[in-house]
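For reference, chains read A, B, C, D and E in written order, and residue numbers begin at 1 within each chain.
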């Protein structure tokens, strides 16, 4: 999984019928300082994530597993809401 | 899914026979400001996307699912036409 | 699929036996201006692509599907020869 | 696999139920000098890796195989603890 | 496949038991000039590649196919030893 923040939603009237009923959230990947890095993805929400929340999201087949929709064209899904991240940055200094 | 814009088409007379009948659209990935970022991909259209439209596209196995062609060499597909994106960029400032 | 140009071949005497008989082409990914971008890949040719030709290639499982060799260690395949690309670059300017 | 260092943990109360019981470790990808490169991922620990340890981690389907949880939304897993890396950098100079 | 050079080995006493018996080689991705580019990966050797050799390696499911170990957490494998690369760089200049 990657760390991301939910920053918005999209509306798509014409879409694959297997996506109907899935909440499509614009999710921004974050770096180790929880700052934006890279381009936003559209992930299916599977855990009731709200706008602004810090989340863990998957890509690929894991996303269809998370969404319980193996027959839907889903390649990214939010599978956890992060309450707390405990990182020891000092560990990055040792080679 | 990623956000992209359909910017063109390709013609390929000699191609895998399983691709015959699929509309191959040149699709430009976009960043959070909906500006071009990265290199274009060739995605199979599954929702009737037109040139210039803002779309959501998948990569990998999800694309064959979207195209309903599990036996075709497809690794990218347009699965939704985006009517509206609602992003709160202020959320990107909180670490 | 991605857009690439076939720029060479490799010879590998010792290789996975399932690759025997497959033509391994060095393929350079191209950007929107059809100029080199990123590092070359080795793709299995499935459509009779010649050196110098502009091609569409897949990555991942789609490549084994294209090669009709699901049991071979193939992760990239040329699945179409591009006769013509029609791109409207002006579309990239609208945000 | 890629080389990484375990630098932390996350707490996620609301998450996919298939992730319950999996240890989610924040893992930093490393470059050839074992220095941080790229953004951290959240990997499921399958080998008892501790904070600060140098590890080998997989991405994609290999991760669900490593975790022995094919039905869980897992796309990254720690599958080995690296005791020793023996690299001959002089080899990088020959073209 | 990508082009790489085998530059070392790793020792991992604690690892997924399905990896026991697999030779884990540190492999450096190379660019078109066969110079290092990007970060090293750990690939399972399936063809008897030695330190310093130029190789073709796969990523993803193709790697488990190459290793003949579909139930092992493998996401990269060396599947060929490159004897010769024949590239026509002049082809890169035509747009």
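One rule holds in what follows: contacts are C-beta pairs under 8 Å (C-beta built on N, C-alpha and C of every residue); 3 or more make two chains touch, one makes a residue touch a chain.
In this text the structure is predicted, and so the values were computed from the model without any measurement.
Colleague: Tell me which chains count as touching both chain A and chain E.
Modeller: Both chain A and chain E are touched by D, going by the contact rule given at the top.
Colleague: Looking at where chain D touches chain E, is over half of the residue numbers used by both copies, so same, or under half, so different?
Modeller: Different residues, largely: of all residue numbers at this interface, under half are found in both copies.
Colleague: Please report how many Å separate the Cα centroid of chain A from that of chain B, as a whole number.
Modeller: Between these chains, centre-to-centre, one finds 19 Å.
Colleague: Taking the mean of the C-alpha atoms as each chain's centre, how many Å separate chain B from chain E?
Modeller: Averaging C-alpha atoms per chain gives centres 30 Å apart.
Colleague: Identify all positions of chain E at which a residue touches two or more other chains, and write them in rising order.
Modeller: Residues 60-61, 63 of chain E each touch two or more of the other chains.
Colleague: When the cyclic arrangement of chains is written out from chain C toward chain E, what order is obtained?
Modeller: C, E, D, A, B
Colleague: Give the list of chain E residues in touch with chain D in this complex.
Modeller: Touching chain D from chain E are residues 5, 7-16, 18-19, 24, 26, 28, 33-36, 39-43, 51-52, 60-61, 63-64, 71-76.
Colleague: Residue numbers of chain A touching chain D in their complex, please.
Modeller: Listed in rising order, the residues are 1-3, 29-32, 37-38, 46-48, 56, 58-63, 65-66, 77, 79-89, 91-92, 94-95.
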